[in-house]
């Protein structure tokens, strides 16, 4: 029997909180890991091992004066921009499966909030809406650095969106579905798509890094160039929302990578379910951090050139070849 | 080198501390600079150093105390011949330290003398690096460089009054704070 | 941030003049200002942006007024003076001895070298003989200073291009250099360890092993930096062919040091106009041809390696000088030895005289320059024979390096702007003095 | 130099390797790294063993100070009020530590080793006035002590400015 | 119900203590370097001193997101206006540390161009002497600031006018 609506709501509540906690500890992980990669400890004063650091950050940000520059003409947009980003970032998580589902009493509970047949498209659609938050937020701040930042966001995120969706085309063809659950099942039946779709994985990961504006593609908020990019004029929790949405985007993207290429909650042995999922997620996020610790930042035009002239053709060829092979071997 | 007099606007040369100073007429500075750059190879302008000699050799400025044979290192308070510093021809000097990028690294100090209110021709077209050096000289000493493309203050605010490094400009600041104990 | 616009100068020069010479990229009208091309200036989409005075990448408080056409830099004007400290005025008020404490605070990355230039100028005027041990120690300290300066440059410049870890590695090793300074000079920075006549204090025994450990460690650390950057494709993309400065332009603009050497001019004061004991050590002067940001990076990294070699050679020499004097025995200039203060009336009088009135320096003007980490650091000193300098003027290499921004900035993007300004390695304290 | 495919991998190895090394961090408030004995910190005025102050109020330190942050007002010792060993003593001795640059010229200048620069560097204050150190504060033992590295190794046998008088 | 009772009833003091704790554990400095001291300010981020242990390594480039302004170096009169502007751009609660002799009082640069003490234009919470302070000295200043915040001392702008 399918689960009733109220279970979905409970699940949504649990997952939102889980994602928020994951976000909080991603920042902690990033600071710790960066610290260790740079010969130092990272936060270790707030609570044991600095585990309360995200809480401290949160409380401080909430207590920080909420502020809106005088020059902002449309205060509503200024306030709504971070909320849009945050909302879409959280919403995208609703279709990510992190377990096979469980039989509880006489219901079958899915391993995700909603099993939508077009989950993949939904994720991308939500991601595209979330970009508006960044763009609008930078534009409405009426600061030159914010404007430059949101221009960069606009160009970068729109261009890499294309490669990102083309890169998963191979997976979709092999998985024969747009539903993430089906794709995971398919991988469990055949092979993890990371192997046949290695090119797709690489393109997806690189484009995803750019999509979430992580180093080396962190141009929209490159603080040595644009002070703080689109969120220069934001402070307190509004800025915190932007930051949250960025990190959640990163987590979503890692989750997508895990789901699409590494068979989601399936492990090579031991059916641990969600634990596998979280382990893979952890590794994926660590790789993001590792990239940040190592690579310098690209320049704007190089980024564009790379996106359109390298990633896009590669992704296209990959999709075409995959399609041809799939057709040929059927 | 003995052909210093061939430099346009030549006034005199001085040798001291192993450095050559070539004094030229301010009016012919650009010609002299071009000659020095093209004929003598001093392509590299290191620095433009103006100096203000207001009050030079006057009261409160003491000369070097030594003996006729040099300084006696071991006797304290040796009162030898007191010499007043040699007087300067005019109030300001502007020294152009130039360098030739070749063996031995010959250096030359091209010097002009001027009074307050007199102008110096700009050497920006000869050595582009003179741009900021001249602006600094203008800012700090109020020396006007004719023909400089952009002679505005560089270090101080635009509306600053006076030229801080002139000798008649007070050093400013405030008394150091101590407790009020008497 | 917005700051009241600076008043534009009244123009005495034609808007478009002939270039300084054939093939020069120096802006024709004003060598230090990149003017917006007229065909762009009339369009309405030029965005003037202030980078600075407080901007994360301006190495302090440099303000760059940049005209942007999209991401492209079409106009540029550097505004300095935000850190003008009045060194030269203050030094005129202090005795020579006290004035030594000022120069290090100017270029706060290569502080020992500034101190060295001023002390050498005093010694030139005084015709003072410096003991051999002091000379070699000075050389060692200035090379350490150069390493220190290049380390900070590398860390911050790489940070600006986005390689954050390098900052931490460089500061880790910078602390090792500063430990040596603290050991010898008593402070991490601004040690005032060089005094007219030699060194302030003898070298402690513990210095030699520590310095040797550092010399062994440092090349490995440099390997690490190079592993992160030198062949990294993103780093190459970001730095090669950016901020070009030809050899002729570099000389015309008075560039010196690594910037000049990266433009293919083989010129190093340490070799070509030797001071201290540089003619007795073996080192290579790295020269690269292209004059771009990458070559400046290579020059500095190579210089660090060479500096480590020089430090080793200095250590080898100093090993043999244990117990030798470290400061000239000139009672008119140098504070008398402490133990004499309680036994010798003469010494006590000298002591009082030097401290209160200061020593007198013969009349004259000298220009002394050293190869600082940024290039030719010159010190023009005029003395009237009194106990205070009449005039001190510093030739600051960063000041001159900033003049090249407009020339380097042809066809640059915002990101390049940051890389170029970083590569010129300006220290604002020295620019503004 | 051309980009090589291995190059970025080397960089990644560098950052990864650090994780397995022990951080070089010295956790400051708990662990204080010993300063080198030559480090110049908080000033200290000294007394002779018999309790008399070493300072005779000669103002040489004030004359030597590049920041002019020392103020000495001398007074004559009288038989019933003997403060210092010399003829005069410093009635007021103040250092404005917020101006001090810790160059150590005062200890070089002092002919009686009355003032030395110790090794204490923890001198932050909430108020600028608190940084004006009076004679009593300078004579007192510093409260916050810091560890000092071995002076035998890292300093000359008798520090240049410290002799017995 | 009086204010005190309400406070006790709601446990506000405890809450404020928690907030103060959070503020000290996550006090982000503004990326504002002036001169010599700026190098030592960066050094506290460096591996040996690692201010990240206090959650303070997030040097914010935008003053809007910063809590702590470390005035690290000499402030010329020309820089005074931008400095004050940065301070004004920071949002409450905000703290200021005058790092080094020049920022505290002008230091050895007692002359026409250097502002004799940054507390003439911004209210300062903690003064750190030395020229420049060694990183430990700055960290001690930061820790003393933390102590003050945790003890409930309001930031300097609430306590005193700018010029002291």
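Each chain carries a letter (A, B, C, D and E) given by its place in the written order, and its residues are counted from 1.
Here, contacts are C-beta pairs under 8 Å (C-beta built on N, C-alpha and C of every residue); 3 or more make two chains touch, one makes a residue touch a chain.
Source: prediction; values computed, not measured.
Of all the chains, the one whose CA centre sits at the greatest distance from that of subunit D is A. Here the largest set of C-beta contact pairs joins the chains B-C. Central chain assignment: C. Criterion: smallest distance from chain C-alpha mean to the mean of all protein C-alpha atoms. Each chain's centre was taken as the mean of its CA atoms, and the one lying most distant from subunit C is A.
One inter-chain figure worth recording: subunit B and subunit E are separated by 43 Å, centre to centre, where each centre is the mean of the chain's CA atoms. Centroids of subunit B and subunit D (each the mean of its C-alpha atoms) stand 39 Å apart. Each chain gets one centre point, the mean of its Cα atoms, and the points for subunit C and subunit E are 30 Å apart.
Centre-to-centre separation between subunit B and subunit C, using Cα means, comes to 22 Å.
Multi-chain contact residues of subunit C (touching two or more other chains): 55-56, 81, 84, 86, 89-90, 101-102, 165, 168-169, 172, 187, 190, 228-229, 232, 234, 432. Residues of subunit D in contact with two or more other chains: 8, 11, 14-15, 23-25, 27, 66-68, 96, 99, 101-103, 128-129. In subunit A, 35, 37-41, 223-224, 227, 293-295 are the positions where the chain touches two or more neighbouring chains simultaneously.
By the document's touch criterion, interfaces exist between A-C, A-D, A-E, B-C, B-D, B-E, C-D, C-E, D-E. If you check the complex, the residues on subunit D that touch subunit B are 67-69, 71, 73, 92, 94, 96, 99, 128-129, 132, 134.
Remark: subunit B residues 16-17, 19, 21, 43-47, 49-53, 56-57, 61-66, 71, 73-77, 83, 85-86, 95, 97, 101, 103, 105, 107, 109, 124-125, 127-129, 131-132, 136, 140, 147-158, 164-165, 169, 171 touch subunit C in the complex. For subunit E in complex with subunit B, the residues that touch the partner chain are 77-78, 105-106, 109-114, 116. Against subunit E, in their complex, subunit D makes its touches with residues 23-29, 32-33, 66-68, 96-103, 121-129, 131.
Taken in their complex, subunit E has these residues touching subunit A: 18-19, 21-23, 25-27, 31, 46-48, 50, 52-55, 57, 60-62, 64-65, 67, 91-93.
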